[in-house]
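Labels run A, B, C, D and E following the written order; every chain starts at residue 1.
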């Protein structure tokens, strides 16, 4: 059904973006209100879409930008998985950002580009063709760059340079890949995978390497992960956004699309592309965790943890078995809510208590108990402790690995969980069990601004707990991932 | 006999060109350039292109020569040598080799084109439509009037470009005076200038008038006018105008403006730069007179240069 | 009346008017802007085969004007640039009483001369007429360049002069050989013999010098970097395009049957080198305007890189459109970039990139204009620059031209490297420097141009459709003599 | 159809030689005023090629003649601009030179 | 060959003779003043003879009048420029000594 709803959903953030750019700083209240209002509206629209798509409605909006290249926005189950994650976390992050920044400099710019990022991420999710995907993928790069350099110091400028170098090179590779494929098989629509039978396998493999390599940059696959830790120079809401939702997920999401909607699992299996990718993902999982153990700075540790965790999604996709797919897809959501919890907490700690290094965490649990509680839930989920959401993902991935005759996956998962524990547990230990350096009085939820800083993390922590506990309910990410798998990939 | 004459003429053209290019003394070089231009005019006469011969001698040799001499003396006054400045020997050698090869290829290309009078029959056929007899005028002001229109704006634009070079303090003064500093010389030149200016006016008017049927026309007439102005200015008979003088501005734009207006009137009646039947000759003569005036003034000021703060003459 | 005539006549009339009016000349831009934009729109809306002979004089003698795809894209873009630059310059080139300068007075007639000249160039098919239009544009360009640096202006002048003469030599050979210099007639009659090939060679060489294609670019950066901002904008955006369009006319229309593929690859290779060389030089610049000027050297490379891609394409319409869209997008974006750079540099009273620190906070609109222009120039979506490079890359991959594809990709990345550098400096620092911007409304000009360059990215289909409007067949009688004589 | 072939190309060939000479002059001469003169020689050569090849029996084609006249006028306009630029540049250099010299003169 | 032709040739020869004399003078005389002397005097006479020949050749009064006017102006111009050059030469001599 041709409808402008997808377009409206994508373009909606333009309104607060323009308002943010245009309003002077003294009207910051209006700006915040506009941001929150539109974020709420988006959540409502997406809720309605979830209902519609579940009942089998197919919504799309199409516009020919160039001959043979359609701009197509399409609401399908996989898209909605990503969209609902984005809109939910965006609402949360918006509230958090208002509390985090208070009245700092350059906030108009921050909120303006923040909204453009929402726009781009929603667009990435809803893209129905490879070219549309590329457009939003590139727009995402552009919109996040000003956020990365937001602080304006030498460190963030350097981070911005590195970020652009990696991501632009990556999207160039991706562009070459999809154009190459397009010249061979015609337009690439995700709903109707092209017929690849006439293309020589070597060419297909090369194109796959180009595309997945390009997407892997944003998904922070080793060896393309270098930008992610550097980007830690950005303020916490940005890191949360980059690491949990927008950028890395866009990359992982793109890889899922490539495997399932462009090549199709049959072709991927035929070409033997799954195992090498799975191996690379596994290596990234272990490498990221190892590096995380070695970090002394909280945000850096979380960054390497992201490098590791995002590859679970890639791993799930590349194993091409039903359970593995479900595991990968559900981890897209689970990792998002868990990791954003961790970043929101880390931001709150550094913003209010000035805690940046792991060693400073001593007694943090007593100083900011609510925050640290949320942090702990997120951390346990990352390790894979039941009943937090992370366990569900790892469980499905493990079974998927066994199903696909790749029992080594289980070993990878176990090893990764051990390493996760090795870098998260000491943090929890310090926070809860060691005494704080001096007993400074601090009321965590004193002001409205404080509450806006802390409560979002509580909400996401609760969500990650709920996603695990109620995994079998009909509204859980797991159920939705199963629905995707049933409707799309396992026919 | 004719062939021998043409051969000698061509050799002399080449010889004077060589001297003009490479003579150490720049004044002599310019003198030879003027001779070169006159010989070129002779060549055009030999080719039966009297219109071009007039233009070449008046503009190519005359105005350009005056320009170069004037620039030389201004540079010398500023203490700048116009050296023959030979480039590095290897560059010279390389340039010589490359230019020889290029000339050879060009000559071969030229040789493979047969000379013929090409479009002359077509033009002859069209001439009765516009009522003038001089086919060159026909091409310039009717068949390819668009070229000429744009060209008149090039000339105007060149003057504006020169004005734009004026030093900040100089605007909108007159250009550096051309009058001679030596009082006795000024006296001599002045009496000649005073005599020449009216004659030049008459000459110019005549050249434009005959231009519709015989060799001549706006460019040739305008150049004569410019020569009259320049000589009168050197002799102090007339002063150079300030660049914001409104009479000057009007006389500069008169030609292009009339041309453009007539072109647009044609467009309103049917086609841009088309002349309604029967009016062609009258319109062409109108355009030519206004063009000649503008060209005369423009050329004279082109030679005079940008507005200047200094009052010194030659 | 037809826009084909009025688009040339109107600017020339404004030139005359500005000369007659004198001190108030700058006000004329307020009348010229709507008039010229309306005429440009009229041109775009003309029926597809719009063409006529000036004065109704038949070819081969007369001069044919027509509205083909090239004209329909470039004339409106040129007009937009001139309007924006004119409105921007309204403040800068205003005669202040007591401190009159020549440039405040002469800028305006020169602007109109250049305007009329470029329009005339895009609309005519007559190669000699093109020579006159080149000179109109060059004259104004030289004078504008000299407003910044006389030495650079003189160098530009001499080079441009030799370029014009080379072109004229070619025209002379063709006129003698074919008794016509009309491109549409030459397309029918041209033969691959020595005079024709020599003529194409010298004309192309002369035009390449004027278009500043590597390695003939030497004059461009000093001249474009030194000139006042509005002049730089016109030089980089408009002036170099005319030479390019004429080469396009020569290679793909008049001599489409004569030019060999090897020659196409020669131009394409030069274009590729220009992209790499210009980008690397741009990366090395310390002064903002030099960076932008070298970016012009690089961006011009794309125009020529497209030549082999067009000639080899199974469906040439797309690379053809790409090259025209690139020309248009570069026009708008580069003019915007120079104007924005002019505003920023004037505000901080410096010329180095490092002087821009913190400007993103102090002058957000100028930085936004610069950034939008940078997006289009780098070829990031969505923008006209992206559409063009996307189509070119598509064509290169389709034809298996690995080298061209690689250069396109690397060029885009290098573009990001040099264009994001000033932006990142502008974003640096948390405190806003105190700057004093003159006439702050002026930022609307670069902002509008840059926004248009970006907006072009959404109009891909329309641009392709417009650009593919081919030339109507020569409305001409036969040549007086049979070919092959 | 043409005049005697042996000499029919005399003027255009002279033109070609002038183009070559002028080009050599332009490349090998350093002073811009001399380069300007060289450019004029090249121009004259081009015009001679164009006009000379339009020479028919008795008449010379008016079409190239008109083109040549247009060309001559354009070239004198450009020469004037060039000459003005050269002198203005010399003036500016001198002004800059004396400005920097002045303190030295005033010293003692 | 008619008498007119003969007269035209004779006049042309005379003209050429004076031109040649003027040129030899220009080349051989030592200083500016005497060179000018040779050039102006001899060449103007030479020009007169050539003009006369041309007028005879055409045989039309109108043309003859035009030619006479041309000659007159040539003489005036030559005289003026000779004066100016002589003065300049004198001045240079003074500056030199």
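Simple rule for what comes next: contacts are C-beta pairs under 8 Å (C-beta built on N, C-alpha and C of every residue); 3 or more make two chains touch, one makes a residue touch a chain.
Each chain and its UniProt protein: A = Multicomponent Na+:H+ antiporter subunit D; D = Multicomponent Na+:H+ antiporter subunit C; E = Multisubunit sodium/proton antiporter, MrpG subunit (TC 2.A.63.1).
Worth saying up front: this structure is predicted, and the values here are computed from it rather than measured.
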What does the chain connectivity look like after leaving out chain C? A | B, D, E
Could you give the fewest steps needed to travel from chain A to chain D through chains in contact? 2
Each chain counted as touching chain C and chain D at once: B
Tell me, please, which chain's centre (mean of its C-alpha atoms) is farthest from the centre of chain A? E
Looking at every pair of chains, which has the largest contact count? B-D
Taking mean C-alpha coords per chain and comparing to the overall C-alpha mean, nearest is chain C
Determine, using the mean of C-alpha atoms as each chain's centre, which chain is farthest from chain C. E
How many Å are there between the centre of chain A and the centre of chain C, using C-alpha atoms for each centre? 43
Just the number, please: Cα centre separation of chain A and chain E in whole Å. 98
Euclidean distance of C-alpha centroids - chain B vs chain C, Å: 31
Residues of chain B that touch two or more other chains sit at 106, 110, 113-116, 118-119, 123, 139, 144, 147, 151, 154, 157-158, 161, 165, 167, 306
Residue numbers of chain D (touch at least two other chains): 12, 19, 36, 47, 49, 53-54, 61, 63-64, 67, 70, 74, 77-78, 81, 85-86, 88, 92
By the touch rule stated above, which residues of chain E touch at least two different other chains? none
Chain pairs in touch? A-C, B-C, B-D, B-E, C-D
Which of the residues in chain B end up touching chain E in this complex? 180, 182, 184-185, 188-189, 192, 195, 199
Can you tell me which positions in chain C touch chain D when the two form their complex? 61, 128, 131-132, 135, 139, 142-143, 146, 150-151, 153-154, 157-158, 161-162, 164-165, 168-169, 171-173, 175-177, 179
Residues of chain C that touch chain B when the two form their complex: 1-2, 4-6, 8-9, 12-13, 15-16, 19-20, 22-23, 52-57, 60-63, 99-103, 105-107, 109-110, 113, 116-117, 120, 124, 126, 128-129, 132-133, 135-136, 139-140, 142-144, 146-147, 150, 169, 173, 176-177, 179, 193-195, 198-199, 480-481, 485
The chain A residues in contact with chain C across the complex are 21, 64-67, 105-106, 109, 134-135, 138-139, 141-142, 145-146, 149-154, 157, 160-161, 164-165, 168-169, 172, 175-176, 179-180, 182-183
Help me check something: in the complex, which residues belonging to chain D touch chain C? 12, 19, 26, 32, 35-36, 39, 42-43, 46-47, 49-50, 53-54, 61, 63-64, 67, 70-71, 74, 77-78, 81-82, 85-86, 88-89, 92
